[in-house]
Amino acid sequence: MSEIEQLIKSINNFRDERNWRQYHNPKDLAISISIEAAELLEDFQWKSSEEALKANSENIKEEIADVLIYSLMLCSELDLDVEQIIQEKLEKNREKYPVRKE
Amino acid sequence: MSEIEQLIKSINNFRDERNWRQYHNPKDLAISISIEAAELLEDFQWKSSEEALKANSENIKEEIADVLIYSLMLCSELDLDVEQIIQEKLEKNREKYPVRKE
Amino acid sequence: MSEIEQLIKSINNFRDERNWRQYHNPKDLAISISIEAAELLEDFQWKSSEEALKANSENIKEEIADVLIYSLMLCSELDLDVEQIIQEKLEKNREKYPVRKE
Amino acid sequence: MSEIEQLIKSINNFRDERNWRQYHNPKDLAISISIEAAELLEDFQWKSSEEALKANSENIKEEIADVLIYSLMLCSELDLDVEQIIQEKLEKNREKYPVRKE
(Lines give C-alpha, C1' and ligand atoms only; values in the text may rest on other atoms or scores of the structure.)
Protein backbone atom coordinates (compact mmCIF):
# COMPACT_ATOMS: atom_id res chain seq x y z
CA MET A 1 0.00 0.00 0.00
CA SER A 2 1.41 3.39 -0.96
CA GLU A 3 2.12 6.21 1.51
CA ILE A 4 -0.93 8.20 0.43
CA GLU A 5 -3.24 5.18 0.51
CA GLN A 6 -1.94 4.53 4.01
CA LEU A 7 -2.76 8.10 5.07
CA ILE A 8 -6.25 7.88 3.59
CA LYS A 9 -6.76 4.62 5.45
CA SER A 10 -5.81 6.27 8.77
CA ILE A 11 -8.16 9.18 8.04
CA ASN A 12 -11.07 6.94 7.08
CA ASN A 13 -10.51 4.78 10.16
CA PHE A 14 -10.72 7.85 12.34
CA ARG A 15 -13.99 8.81 10.63
CA ASP A 16 -15.54 5.35 10.75
CA GLU A 17 -14.75 4.77 14.44
CA ARG A 18 -16.95 7.83 15.06
CA ASN A 19 -19.64 6.86 12.56
CA TRP A 20 -19.22 10.17 10.78
CA ARG A 21 -19.35 8.97 7.19
CA GLN A 22 -23.10 9.57 7.10
CA TYR A 23 -22.46 13.35 7.28
CA HIS A 24 -19.60 13.35 4.77
CA ASN A 25 -21.33 14.03 1.49
CA PRO A 26 -19.09 15.70 -1.12
CA LYS A 27 -20.76 19.12 -0.83
CA ASP A 28 -20.17 19.31 2.93
CA LEU A 29 -16.60 18.05 2.48
CA ALA A 30 -16.00 20.88 0.00
CA ILE A 31 -17.51 23.31 2.55
CA SER A 32 -15.18 21.87 5.20
CA ILE A 33 -12.09 22.41 3.05
CA SER A 34 -13.06 26.10 2.67
CA ILE A 35 -13.61 26.45 6.41
CA GLU A 36 -10.24 24.90 7.27
CA ALA A 37 -8.50 26.98 4.60
CA ALA A 38 -9.95 30.11 6.25
CA GLU A 39 -8.77 28.96 9.68
CA LEU A 40 -5.28 28.62 8.21
CA LEU A 41 -5.61 32.10 6.72
CA GLU A 42 -6.64 33.46 10.11
CA ASP A 43 -3.15 32.68 11.40
CA PHE A 44 -1.85 35.23 8.86
CA GLN A 45 -4.52 37.93 9.46
CA TRP A 46 -3.04 41.41 10.19
CA LYS A 47 0.47 39.88 10.05
CA SER A 48 3.38 39.48 7.67
CA SER A 49 4.41 35.90 6.86
CA GLU A 50 7.29 36.24 9.32
CA GLU A 51 5.12 37.53 12.17
CA ALA A 52 2.56 34.79 11.51
CA LEU A 53 5.15 32.01 11.57
CA LYS A 54 6.65 33.40 14.75
CA ALA A 55 3.30 33.70 16.53
CA ASN A 56 1.33 30.74 15.18
CA SER A 57 3.66 28.09 13.77
CA GLU A 58 2.10 25.27 15.77
CA ASN A 59 -1.43 26.17 14.72
CA ILE A 60 -0.43 26.73 11.08
CA LYS A 61 0.78 23.13 11.02
CA GLU A 62 -2.54 21.86 12.36
CA GLU A 63 -4.65 23.91 9.96
CA ILE A 64 -2.68 22.75 6.91
CA ALA A 65 -3.17 19.20 8.20
CA ASP A 66 -6.94 19.82 8.41
CA VAL A 67 -7.06 21.10 4.83
CA LEU A 68 -5.15 18.02 3.70
CA ILE A 69 -7.28 15.63 5.74
CA TYR A 70 -10.56 16.88 4.25
CA SER A 71 -9.05 17.00 0.76
CA LEU A 72 -7.87 13.40 1.02
CA MET A 73 -11.27 12.38 2.41
CA LEU A 74 -12.96 13.96 -0.59
CA CYS A 75 -10.55 12.19 -2.97
CA SER A 76 -11.35 8.91 -1.24
CA GLU A 77 -15.11 9.60 -1.36
CA LEU A 78 -14.93 10.37 -5.11
CA ASP A 79 -12.53 7.52 -5.84
CA LEU A 80 -9.85 9.88 -7.14
CA ASP A 81 -6.20 8.89 -7.33
CA VAL A 82 -4.35 11.73 -5.56
CA GLU A 83 -1.12 11.34 -7.48
CA GLN A 84 -2.91 11.16 -10.81
CA ILE A 85 -5.10 14.24 -10.36
CA ILE A 86 -2.08 16.30 -9.24
CA GLN A 87 0.07 15.15 -12.18
CA GLU A 88 -2.77 15.82 -14.63
CA LYS A 89 -3.34 19.31 -13.20
CA LEU A 90 0.39 20.09 -13.44
CA GLU A 91 0.32 18.92 -17.05
CA LYS A 92 -2.62 21.19 -17.79
CA ASN A 93 -0.88 24.11 -16.07
CA ARG A 94 2.27 23.45 -18.09
CA GLU A 95 0.25 23.94 -21.28
CA LYS A 96 -1.50 27.03 -19.91
CA TYR A 97 1.71 28.65 -18.67
CA PRO A 98 4.48 27.58 -21.04
CA VAL A 99 8.03 28.22 -19.86
CA ARG A 100 9.42 31.25 -21.61
CA LYS A 101 12.62 30.41 -23.43
CA GLU A 102 15.14 33.25 -23.75
CA MET B 1 12.12 9.07 -2.36
CA SER B 2 8.57 8.61 -1.04
CA GLU B 3 5.44 9.15 -3.13
CA ILE B 4 4.66 12.47 -1.44
CA GLU B 5 8.25 13.73 -1.74
CA GLN B 6 8.05 12.86 -5.43
CA LEU B 7 4.84 14.84 -5.84
CA ILE B 8 6.33 17.85 -4.04
CA LYS B 9 9.36 17.63 -6.32
CA SER B 10 7.14 17.72 -9.43
CA ILE B 11 5.24 20.69 -8.02
CA ASN B 12 8.38 22.62 -7.10
CA ASN B 13 9.90 21.89 -10.51
CA PHE B 14 6.84 23.36 -12.18
CA ARG B 15 7.16 26.47 -10.00
CA ASP B 16 10.91 26.87 -10.47
CA GLU B 17 10.81 26.51 -14.26
CA ARG B 18 8.55 29.60 -14.20
CA ASN B 19 10.60 31.47 -11.60
CA TRP B 20 7.54 31.81 -9.38
CA ARG B 21 9.10 31.04 -6.03
CA GLN B 22 9.74 34.75 -5.46
CA TYR B 23 5.96 35.29 -5.14
CA HIS B 24 5.33 32.24 -2.97
CA ASN B 25 5.59 33.60 0.55
CA PRO B 26 3.60 31.59 3.12
CA LYS B 27 0.88 34.26 3.53
CA ASP B 28 0.11 34.32 -0.21
CA LEU B 29 0.19 30.51 -0.33
CA ALA B 30 -2.39 30.43 2.47
CA ILE B 31 -4.46 32.97 0.49
CA SER B 32 -4.14 30.72 -2.58
CA ILE B 33 -5.41 27.66 -0.71
CA SER B 34 -8.52 29.64 0.30
CA ILE B 35 -9.08 30.82 -3.27
CA GLU B 36 -8.81 27.30 -4.72
CA ALA B 37 -11.03 25.89 -1.97
CA ALA B 38 -13.69 28.44 -2.97
CA GLU B 39 -13.35 27.49 -6.64
CA LEU B 40 -13.99 23.89 -5.62
CA LEU B 41 -17.00 25.04 -3.60
CA GLU B 42 -18.32 26.93 -6.63
CA ASP B 43 -18.82 23.58 -8.38
CA PHE B 44 -21.37 22.76 -5.66
CA GLN B 45 -23.12 26.18 -5.55
CA TRP B 46 -26.96 25.94 -5.91
CA LYS B 47 -26.62 22.16 -6.37
CA SER B 48 -26.93 18.95 -4.40
CA SER B 49 -23.81 16.77 -4.24
CA GLU B 50 -25.29 14.53 -6.91
CA GLU B 51 -26.13 17.37 -9.30
CA ALA B 52 -22.66 18.87 -8.79
CA LEU B 53 -20.88 15.60 -9.53
CA LYS B 54 -22.99 15.07 -12.61
CA ALA B 55 -22.41 18.56 -13.99
CA ASN B 56 -18.86 19.32 -12.84
CA SER B 57 -16.95 16.13 -12.10
CA GLU B 58 -13.99 17.05 -14.32
CA ASN B 59 -13.62 20.49 -12.78
CA ILE B 60 -14.07 19.18 -9.22
CA LYS B 61 -11.06 16.94 -9.83
CA GLU B 62 -8.96 19.88 -10.97
CA GLU B 63 -9.95 22.14 -8.10
CA ILE B 64 -9.17 19.48 -5.47
CA ALA B 65 -5.82 19.06 -7.21
CA ASP B 66 -5.21 22.82 -6.93
CA VAL B 67 -5.99 22.79 -3.21
CA LEU B 68 -3.58 19.88 -2.75
CA ILE B 69 -0.87 21.48 -4.89
CA TYR B 70 -0.83 24.72 -2.88
CA SER B 71 -1.08 22.82 0.40
CA LEU B 72 1.91 20.66 -0.51
CA MET B 73 3.81 23.76 -1.67
CA LEU B 74 3.20 25.39 1.69
CA CYS B 75 4.35 22.23 3.51
CA SER B 76 7.49 22.26 1.42
CA GLU B 77 8.06 25.98 2.05
CA LEU B 78 7.71 25.50 5.82
CA ASP B 79 9.68 22.24 5.87
CA LEU B 80 6.76 20.25 7.19
CA ASP B 81 6.54 16.49 6.85
CA VAL B 82 3.09 15.86 5.33
CA GLU B 83 2.63 12.43 6.80
CA GLN B 84 3.73 13.55 10.24
CA ILE B 85 1.47 16.62 10.50
CA ILE B 86 -1.54 14.56 9.38
CA GLN B 87 -0.84 11.76 11.87
CA GLU B 88 -0.29 14.28 14.67
CA LYS B 89 -3.56 16.07 13.85
CA LEU B 90 -5.45 12.76 13.79
CA GLU B 91 -3.94 11.93 17.18
CA LYS B 92 -5.07 15.29 18.57
CA ASN B 93 -8.56 14.79 17.12
CA ARG B 94 -8.74 11.32 18.66
CA GLU B 95 -8.22 12.90 22.08
CA LYS B 96 -10.70 15.69 21.38
CA TYR B 97 -13.39 13.35 20.05
CA PRO B 98 -13.01 10.05 21.92
CA VAL B 99 -14.86 7.07 20.49
CA ARG B 100 -17.99 6.39 22.47
CA LYS B 101 -18.00 2.87 23.82
CA GLU B 102 -21.42 1.32 24.29
CA MET C 1 -38.32 53.32 2.87
CA SER C 2 -34.75 53.51 4.17
CA GLU C 3 -31.65 53.42 1.95
CA ILE C 4 -30.85 49.82 2.88
CA GLU C 5 -34.43 48.64 2.42
CA GLN C 6 -34.35 50.29 -1.00
CA LEU C 7 -31.13 48.42 -1.90
CA ILE C 8 -32.57 45.10 -0.75
CA LYS C 9 -35.66 45.80 -2.86
CA SER C 10 -33.49 46.36 -5.96
CA ILE C 11 -31.56 43.15 -5.26
CA ASN C 12 -34.71 41.07 -4.69
CA ASN C 13 -36.30 42.51 -7.84
CA PHE C 14 -33.27 41.42 -9.84
CA ARG C 15 -33.57 37.92 -8.36
CA ASP C 16 -37.32 37.60 -8.83
CA GLU C 17 -37.30 38.75 -12.46
CA ARG C 18 -35.07 35.73 -13.10
CA ASN C 19 -37.04 33.34 -10.91
CA TRP C 20 -33.93 32.54 -8.86
CA ARG C 21 -35.43 32.61 -5.39
CA GLN C 22 -36.07 28.86 -5.60
CA TYR C 23 -32.28 28.26 -5.47
CA HIS C 24 -31.58 30.80 -2.73
CA ASN C 25 -31.78 28.75 0.42
CA PRO C 26 -29.71 30.16 3.31
CA LYS C 27 -26.99 27.48 3.08
CA ASP C 28 -26.30 28.21 -0.59
CA LEU C 29 -26.38 31.95 0.09
CA ALA C 30 -23.73 31.45 2.79
CA ILE C 31 -21.71 29.40 0.28
CA SER C 32 -22.09 32.22 -2.25
CA ILE C 33 -20.78 34.83 0.20
CA SER C 34 -17.65 32.69 0.71
CA ILE C 35 -17.16 32.29 -3.04
CA GLU C 36 -17.48 36.01 -3.71
CA ALA C 37 -15.19 36.83 -0.78
CA ALA C 38 -12.55 34.55 -2.34
CA GLU C 39 -12.97 36.25 -5.73
CA LEU C 40 -12.30 39.57 -3.98
CA LEU C 41 -9.26 38.03 -2.32
CA GLU C 42 -8.00 36.82 -5.69
CA ASP C 43 -7.52 40.46 -6.71
CA PHE C 44 -4.91 40.69 -3.93
CA GLN C 45 -3.17 37.32 -4.58
CA TRP C 46 0.63 37.64 -4.96
CA LYS C 47 0.32 41.42 -4.60
CA SER C 48 0.67 44.17 -2.01
CA SER C 49 -2.46 46.25 -1.34
CA GLU C 50 -1.01 49.02 -3.50
CA GLU C 51 -0.24 46.73 -6.45
CA ALA C 52 -3.69 45.15 -6.21
CA LEU C 53 -5.48 48.51 -6.21
CA LYS C 54 -3.42 49.68 -9.14
CA ALA C 55 -4.05 46.53 -11.20
CA ASN C 56 -7.59 45.55 -10.19
CA SER C 57 -9.47 48.53 -8.74
CA GLU C 58 -12.46 48.11 -11.04
CA ASN C 59 -12.81 44.40 -10.26
CA ILE C 60 -12.28 44.93 -6.52
CA LYS C 61 -15.29 47.26 -6.57
CA GLU C 62 -17.43 44.60 -8.26
CA GLU C 63 -16.38 41.80 -5.95
CA ILE C 64 -17.11 43.84 -2.81
CA ALA C 65 -20.51 44.61 -4.37
CA ASP C 66 -21.11 40.86 -4.85
CA VAL C 67 -20.24 40.11 -1.23
CA LEU C 68 -22.64 42.86 -0.13
CA ILE C 69 -25.39 41.74 -2.50
CA TYR C 70 -25.40 38.15 -1.21
CA SER C 71 -25.09 39.32 2.41
CA LEU C 72 -28.10 41.63 2.02
CA MET C 73 -30.02 38.83 0.27
CA LEU C 74 -29.34 36.54 3.21
CA CYS C 75 -30.45 39.24 5.68
CA SER C 76 -33.64 39.65 3.69
CA GLU C 77 -34.21 35.88 3.53
CA LEU C 78 -33.76 35.56 7.30
CA ASP C 79 -35.72 38.73 8.08
CA LEU C 80 -32.76 40.38 9.75
CA ASP C 81 -32.55 44.15 10.18
CA VAL C 82 -29.14 45.08 8.76
CA GLU C 83 -28.63 48.14 10.92
CA GLN C 84 -29.67 46.31 14.06
CA ILE C 85 -27.42 43.26 13.62
CA ILE C 86 -24.42 45.51 12.90
CA GLN C 87 -25.08 47.74 15.93
CA GLU C 88 -25.57 44.69 18.16
CA LYS C 89 -22.34 43.12 16.92
CA LEU C 90 -20.42 46.36 17.51
CA GLU C 91 -21.86 46.46 21.04
CA LYS C 92 -20.71 42.89 21.66
CA ASN C 93 -17.26 43.69 20.27
CA ARG C 94 -17.04 46.77 22.51
CA GLU C 95 -17.49 44.51 25.54
CA LYS C 96 -15.03 41.93 24.21
CA TYR C 97 -12.36 44.50 23.36
CA PRO C 98 -12.71 47.33 25.88
CA VAL C 99 -10.86 50.55 25.07
CA ARG C 100 -7.71 50.77 27.09
CA LYS C 101 -7.68 53.97 29.17
CA GLU C 102 -4.24 55.43 29.84
CA MET D 1 -26.12 61.70 6.83
CA SER D 2 -27.57 58.59 5.19
CA GLU D 3 -28.24 55.31 7.03
CA ILE D 4 -25.20 53.62 5.50
CA GLU D 5 -22.90 56.56 6.16
CA GLN D 6 -24.11 56.46 9.76
CA LEU D 7 -23.29 52.73 10.02
CA ILE D 8 -19.82 53.27 8.55
CA LYS D 9 -19.25 56.08 11.05
CA SER D 10 -20.15 53.74 13.95
CA ILE D 11 -17.82 51.07 12.59
CA ASN D 12 -14.93 53.46 12.06
CA ASN D 13 -15.42 54.93 15.53
CA PHE D 14 -15.17 51.46 17.02
CA ARG D 15 -11.94 50.90 15.08
CA ASP D 16 -10.39 54.26 15.89
CA GLU D 17 -11.09 54.06 19.63
CA ARG D 18 -8.89 50.93 19.57
CA ASN D 19 -6.27 52.41 17.27
CA TRP D 20 -6.71 49.53 14.82
CA ARG D 21 -6.67 51.48 11.56
CA GLN D 22 -2.93 50.91 11.29
CA TYR D 23 -3.56 47.19 10.68
CA HIS D 24 -6.45 47.69 8.28
CA ASN D 25 -4.81 47.73 4.88
CA PRO D 26 -7.10 46.64 2.03
CA LYS D 27 -5.41 43.24 1.57
CA ASP D 28 -5.92 42.27 5.21
CA LEU D 29 -9.49 43.57 5.11
CA ALA D 30 -10.16 41.32 2.10
CA ILE D 31 -8.60 38.43 4.05
CA SER D 32 -10.88 39.27 6.99
CA ILE D 33 -14.01 39.20 4.84
CA SER D 34 -13.06 35.67 3.68
CA ILE D 35 -12.43 34.54 7.26
CA GLU D 36 -15.77 35.86 8.50
CA ALA D 37 -17.58 34.39 5.48
CA ALA D 38 -16.11 30.99 6.41
CA GLU D 39 -17.22 31.39 10.03
CA LEU D 40 -20.73 32.03 8.74
CA LEU D 41 -20.44 28.93 6.54
CA GLU D 42 -19.34 26.89 9.56
CA ASP D 43 -22.81 27.39 11.05
CA PHE D 44 -24.17 25.41 8.07
CA GLN D 45 -21.48 22.66 8.03
CA TRP D 46 -22.96 19.12 8.03
CA LYS D 47 -26.46 20.61 8.28
CA SER D 48 -29.43 21.51 6.10
CA SER D 49 -30.47 25.17 6.07
CA GLU D 50 -33.30 24.33 8.46
CA GLU D 51 -31.08 22.48 10.93
CA ALA D 52 -28.52 25.28 10.83
CA LEU D 53 -31.10 27.99 11.51
CA LYS D 54 -32.54 25.96 14.35
CA ALA D 55 -29.16 25.29 15.98
CA ASN D 56 -27.22 28.48 15.23
CA SER D 57 -29.57 31.37 14.44
CA GLU D 58 -27.96 33.72 16.96
CA ASN D 59 -24.44 33.05 15.69
CA ILE D 60 -25.51 33.26 12.03
CA LYS D 61 -26.73 36.79 12.74
CA GLU D 62 -23.38 37.75 14.25
CA GLU D 63 -21.31 36.25 11.44
CA ILE D 64 -23.36 38.03 8.72
CA ALA D 65 -22.83 41.22 10.73
CA ASP D 66 -19.06 40.59 10.74
CA VAL D 67 -19.00 40.08 6.95
CA LEU D 68 -20.94 43.33 6.53
CA ILE D 69 -18.75 45.24 9.01
CA TYR D 70 -15.51 44.34 7.20
CA SER D 71 -17.09 44.94 3.78
CA LEU D 72 -18.26 48.41 4.83
CA MET D 73 -14.83 49.12 6.34
CA LEU D 74 -13.20 48.21 3.03
CA CYS D 75 -15.66 50.44 1.13
CA SER D 76 -14.80 53.28 3.49
CA GLU D 77 -11.06 52.64 3.16
CA LEU D 78 -11.30 52.69 -0.66
CA ASP D 79 -13.74 55.62 -0.74
CA LEU D 80 -16.43 53.57 -2.44
CA ASP D 81 -20.09 54.57 -2.34
CA VAL D 82 -21.90 51.43 -1.17
CA GLU D 83 -25.18 52.20 -2.90
CA GLN D 84 -23.46 53.10 -6.15
CA ILE D 85 -21.27 49.98 -6.41
CA ILE D 86 -24.27 47.73 -5.68
CA GLN D 87 -26.48 49.47 -8.27
CA GLU D 88 -23.69 49.34 -10.86
CA LYS D 89 -23.12 45.62 -10.22
CA LEU D 90 -26.83 44.90 -10.53
CA GLU D 91 -26.86 46.82 -13.81
CA LYS D 92 -23.93 44.74 -15.09
CA ASN D 93 -25.64 41.52 -13.97
CA ARG D 94 -28.85 42.59 -15.75
CA GLU D 95 -26.90 42.78 -19.00
CA LYS D 96 -25.11 39.49 -18.35
CA TYR D 97 -28.29 37.62 -17.42
CA PRO D 98 -31.13 39.16 -19.46
CA VAL D 99 -34.66 38.30 -18.36
CA ARG D 100 -36.15 35.70 -20.67
CA LYS D 101 -39.39 36.92 -22.17
CA GLU D 102 -41.95 34.25 -22.99
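In this document, chain identifiers A, B, C and D correspond to the written order of the chains, with residue numbering beginning at 1 in each.
Methods note: a residue touches a chain if its C-beta (ideal position, glycine included) is under 8 Å from a C-beta of that chain, and two chains touch if they have at least 3 such contacts.
The structure presented is a predicted model; accordingly, all values stated were derived computationally and were not measured.
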Given that chain A and chain B are copies of one sequence and touch, is their interface built from the same residue numbers on both sides (over half shared) or different ones?
same
Between B-C and C-D, more C-beta pairs in contact link C-D
Could you give the separation in Å between the centres of chain B and chain C, each centre being the mean of its C-alpha atoms?
27
So the centre of each chain is just the mean of its C-alpha atoms; given that, what is the distance between chain C and chain D in Å?
3
So chain D residues touching two or more other chains come to 31, 34, 37-38, 41, 44
Can you name the residues of chain B that touch chain C in the complex?
23, 28, 31-32, 34-35, 37-39, 41-42, 44-46
Can you tell me which positions in chain C touch chain D when the two form their complex?
2-4, 7, 10-11, 14, 17-18, 25-27, 30-31, 33-34, 37-38, 40-41, 43-44, 47-49, 52-53, 57, 60-62, 64-69, 71-72, 74-75, 78, 80, 82-83, 85-90, 92-94, 97, 99
